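The structure appears below as structure tokens.
We call the chains A, B, C and D, going by the order they appear; numbering starts again at 1 in every chain.
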Amino acid sequence: MSPWPTALAGRIDEHHIDSALLRDNPLKDPSRRPLWVYTPPGYDAEPERRYPVTYLLLGYTGTLANWRNHIAYRRPVPELVDEIFARGEAPPMILVFVDAWTTYGGSQFVDSAGTGRYHSYLCEEIVPWVDAHYRSLAGRDHRALAGKSSGGFGAAVTAMFRPDLFGAFATHSGDSLSEAQYIPHFLMAARHLRAYDGDILRWWDDFRSRVAFTQEEDLRLLELLGVSACFSPAPDGTPQLPFDPRTGALRPDIWQRWLDRDPVRMVPRYADALRAQRAIWIDAGTRDEWFLDLGAQAFRDALAEAGVDDSVIHFELFDGGHHAVEYRMPPALAWLAQRIAPA
Amino acid sequence: MSPWPTALAGRIDEHHIDSALLRDNPLKDPSRRPLWVYTPPGYDAEPERRYPVTYLLLGYTGTLANWRNHIAYRRPVPELVDEIFARGEAPPMILVFVDAWTTYGGSQFVDSAGTGRYHSYLCEEIVPWVDAHYRSLAGRDHRALAGKSSGGFGAAVTAMFRPDLFGAFATHSGDSLSEAQYIPHFLMAARHLRAYDGDILRWWDDFRSRVAFTQEEDLRLLELLGVSACFSPAPDGTPQLPFDPRTGALRPDIWQRWLDRDPVRMVPRYADALRAQRAIWIDAGTRDEWFLDLGAQAFRDALAEAGVDDSVIHFELFDGGHHAVEYRMPPALAWLAQRIAPA
Amino acid sequence: MSPWPTALAGRIDEHHIDSALLRDNPLKDPSRRPLWVYTPPGYDAEPERRYPVTYLLLGYTGTLANWRNHIAYRRPVPELVDEIFARGEAPPMILVFVDAWTTYGGSQFVDSAGTGRYHSYLCEEIVPWVDAHYRSLAGRDHRALAGKSSGGFGAAVTAMFRPDLFGAFATHSGDSLSEAQYIPHFLMAARHLRAYDGDILRWWDDFRSRVAFTQEEDLRLLELLGVSACFSPAPDGTPQLPFDPRTGALRPDIWQRWLDRDPVRMVPRYADALRAQRAIWIDAGTRDEWFLDLGAQAFRDALAEAGVDDSVIHFELFDGGHHAVEYRMPPALAWLAQRIAPA
Amino acid sequence: MSPWPTALAGRIDEHHIDSALLRDNPLKDPSRRPLWVYTPPGYDAEPERRYPVTYLLLGYTGTLANWRNHIAYRRPVPELVDEIFARGEAPPMILVFVDAWTTYGGSQFVDSAGTGRYHSYLCEEIVPWVDAHYRSLAGRDHRALAGKSSGGFGAAVTAMFRPDLFGAFATHSGDSLSEAQYIPHFLMAARHLRAYDGDILRWWDDFRSRVAFTQEEDLRLLELLGVSACFSPAPDGTPQLPFDPRTGALRPDIWQRWLDRDPVRMVPRYADALRAQRAIWIDAGTRDEWFLDLGAQAFRDALAEAGVDDSVIHFELFDGGHHAVEYRMPPALAWLAQRIAPA
């Protein structure tokens, strides 16, 4: 394996989209957003051919640049997937790399008074734009979503919200089972916030004034602040924590808004959308630091309960944690490609 | 400080009580129970004098022998308290060391179809026995409870249940705020139970067949099994876990039975009993492994909400964890003695 | 299993010995020392019978009281051994519980200008006293040593120093392979000592002024100070650390004095004494926090190199750490009894 | 701060160099190597101006692509330095990004029979090439080295070896004080290698056959194998570990070869070279996982001992560990620029 970046057999086009829906977003984040589109090897040589498309969503704090990060003895997802297509091991597919970063580190791919209309941006702006500019197979049977962590969450809930647009998804270590994912973090956060008189906005001011992530609690507090902005903003957009920052005790009304976004609890409400999926990939590491292995199991159990057919599901718990598991994506993308490619 | 056990100025009498209430307990644990009574220096020299009494309750898995365990450079609680009395730094007091051990490691000092009638044993058998055999001040104003961890829980809830019997208590790192104390452990337990097909009774069989506590999960699983026996037994006494052992997800109906035993949530229902207390000591370590620092804060906040006067409360979070904090008890016992001693 | 202490089939006599050798010891520790002697079931009924003897040495910070500490679902060593003898599963044996505690927590069972003459106290005062007061088999073939951690070290080196007195030993998680055991601790200690300007005596003053072991570094620093007093005192007895407290870098001359006490490095010098042993038990946990599993392996390899016969050695690495492994002693004591009992 | 990569005010040129010295290297690694050169803002506008140069060396497993890795809320070193120059906060300087990756993850920037002639490649090929192709100030007074971890080591030892070429260096969390840096890792490695019968080459075969870094010991074993190839190869180039893989015990002769490469121990031998440096920056995090904070202190103390003037040294221990501390480099580069820029 070469230690240096290698040329792709396919191609990544780097675009920018001026989003009307994100204009005047509450955090004043840029409405001109980067978007990358990968076309597989052969795309230019077969000018009549149309391709299935998978939209790739990033985890919390992720931006498009992350897809090119290099770790020794590992290779970035685009290089690995490209190699799969180059070898003909999966039907060729267009990949769309979506960026939904916000000042708080993410949008959870939902519409929110706290962050902006990132769900609509994805479904109503990016998808039509891709179909207009690329030779995609422009139907839900040939359109999938995939992502890790918050990106896996985004993949799952977007498919639930819009089964008319998406017919398959892969969620890797995806947010799920809120009590498992979040409550231990609320408790740790309550302790950390003692140094800030229980006021997370005082931490936020501190965080922005210094080098990020030099305090061990930074990532945890950032995520809780950001998800509060996504899931439980006040009417004026202010993030509201679902726990008492003095004790970690749940605030039932706000917590309920988080539970309403828990994929496990959403399954019954979106059972039709889920039964309409052609392919669902779920995996997580058995030692996931957010207990998303338990979340994956609970989500999978809920799908069974809702009558989703076993034949469309790939479920797997692997030995590992939450980090450095991007290598799980390429095989899932190949699996999706086989299921959303035209017969 | 002598490294070896030192003679007490007072005296510990070791008794056994044949409990009628514990006869035929569901776990077939002994109904003949050890009981120790400490009389302070001067007790024998003043044959007319009567003394206030504090009942000391043990933490989970505790038995009376623990009170004599020696750790280097530390001294057991009885020696430390005895020294306080010997120096005249607190009014002399009788101490009663209660043993409520069960096969599962504890009783939480409640009456339960899963373990036995340990609350009644304490209130209806031990207290009268002590008053009959010792020169106690036999009124609630001069009777207190104290304990650490499950013993602190027992102290708090026994005072709530029986304000006619007890007028003061100290809870050190006491069980409190159930979501903080337990949910992280449910999640870890769900992972551990994968090796036992999700069946905690299979773990229990394994645990009893080998040297105890040689597996890191032993203490956690023991406690969850035992508290299930105490708080949420089936009608036939079988312990029922408040979580799905496959995912850690809460089982709302069983979990509610645990919440009903959460001191924080009990406060409003027992507000009268709490307002009637003459002294309440609450402390916990800021790094408590069961997040009982958060529980202590929540309990203290609930007392304020219920109108318990600040003047009867000592509240303190100290730098430390859950273990090896027995040195917190002697000053609390001295503080209690000052408040329950006759004027 | 009863959760409460159970009566022994044999008997423990609690003595005190006035040691001439420890009088005027440099730390002004008591020269009147406790000593316990266990006689097995049947000892009184067979007044002519003589018994082999094993001397039990405690780990660092240990005092005799530790032998009676109770942990839930476990039983103290004396109870477990007594049960073995009561069942006739091993030849009956006298056990002598030695206390060599010092102000710094231990003596390593050596003679030192920093602590006192604890090696001589054991060999020249305790052994003759036991032989004079009990029906022991007063020969080296029937006399063994056993201990854990520093006690295991004491067992091994005392047998090396005095093969005329001792013919067998058991070392459980015994100090060994100094670079593995100590160097990581020197490094951590150097960091901790930043708060004390690199002066361990400033830490020592602090330690004695407050509740012991409430700072995470306490045990580590205590041990390093104490072993320095045992192994590398200045001529006036002052402990000298074998590392630069500013960087953790080794001080070669002082470190060499520690290496001279490393059982692994002592083996070639004491090969005759070791080849004369009738039984050597070595074990350690694979996750020992002092890497004594590696030390056990190195010691065992050195014995092979020195020509000690495999047939006299029991070697075992078990799944576990350094703590709460006292349950390893009873089977080793039974094994020793079989080898030092008269034919 | 923009979450996305931002355009530089200066420019990075990406080159490849065909190295004659690396041809036929023992690991058959590519002799055609990438090299990046950054020119500061204004470089093109002032065609007569010459600039000081700093050579940046990567940590273990590093490749040039790492310089562009994005972490949320952080910015890559080139962007941060570029901004310093763009703001005029330091004299403009050329930066040369050196890649010395090998199959084992690194070269330690030394010449070795186990890996290749990476020291010579840097000094005899890269430096002349840069001076020939860029308007550098081609003298040692205007040439510096900088790096983190193994890169900091490389900076320090290269300056010691070749004071004729380099007159300043910065070592961030740089390898130093071998017993602190390595011995704890030898011990952990010995444990890990039990699963490979003590044969690190069996681990290496396993490592190459699967996704890298999915086992927790991977990074540790890779580094120990690789540094053995760099520092202690057999005559045929085979890496020789400096410890017994069965026990972690040091192998004195091989270990001595590592000590000969310890910057702390090299100081006396290279005192002239060090006294000739114009600027030396040393820093490390107080919780460095390789104890390089202790190494930094020991190195700094050795410089004082060798008579290096305090005025040329910047020394700092900061709150932090070994990872994610790249933000320390830009201020150090600015500091170097001020000291190696022409007056």
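In this text, a residue touches a chain if its C-beta (ideal position, glycine included) is under 8 Å from a C-beta of that chain, and two chains touch if they have at least 3 such contacts.
What you see is a predicted model, and the numbers here were worked out from it, not measured in a lab.
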| item | value |
| --- | --- |
| Set of chains adjacent to chain A and to chain D | none |
| Rounded Å distance between chain A and chain C, as computed from the means of their C-alpha atoms | 57 |
| Computed distance of Cα centres, chain C from chain B, in Å | 36 |
| Chain A-chain B separation of Cα centroids, rounded to whole Å | 46 |
| Touching two or more other chains - residue numbers and ranges from chain B | none |
| Arrangement of touching chains [line / ring / star / complete / other] | ring |
| Chain B partner contacts - residues on chain A that touch it in the complex | 177, 179-180, 183-184, 187, 190-191, 194, 244, 246-250, 264, 286-287, 291, 293-295, 297-298, 301 |
| Touching residues (chain side chain A, partner chain D) in the complex | 3-5, 30, 34, 61-66, 68-74, 99, 101, 105, 211-214, 222, 319-320, 324, 327 |
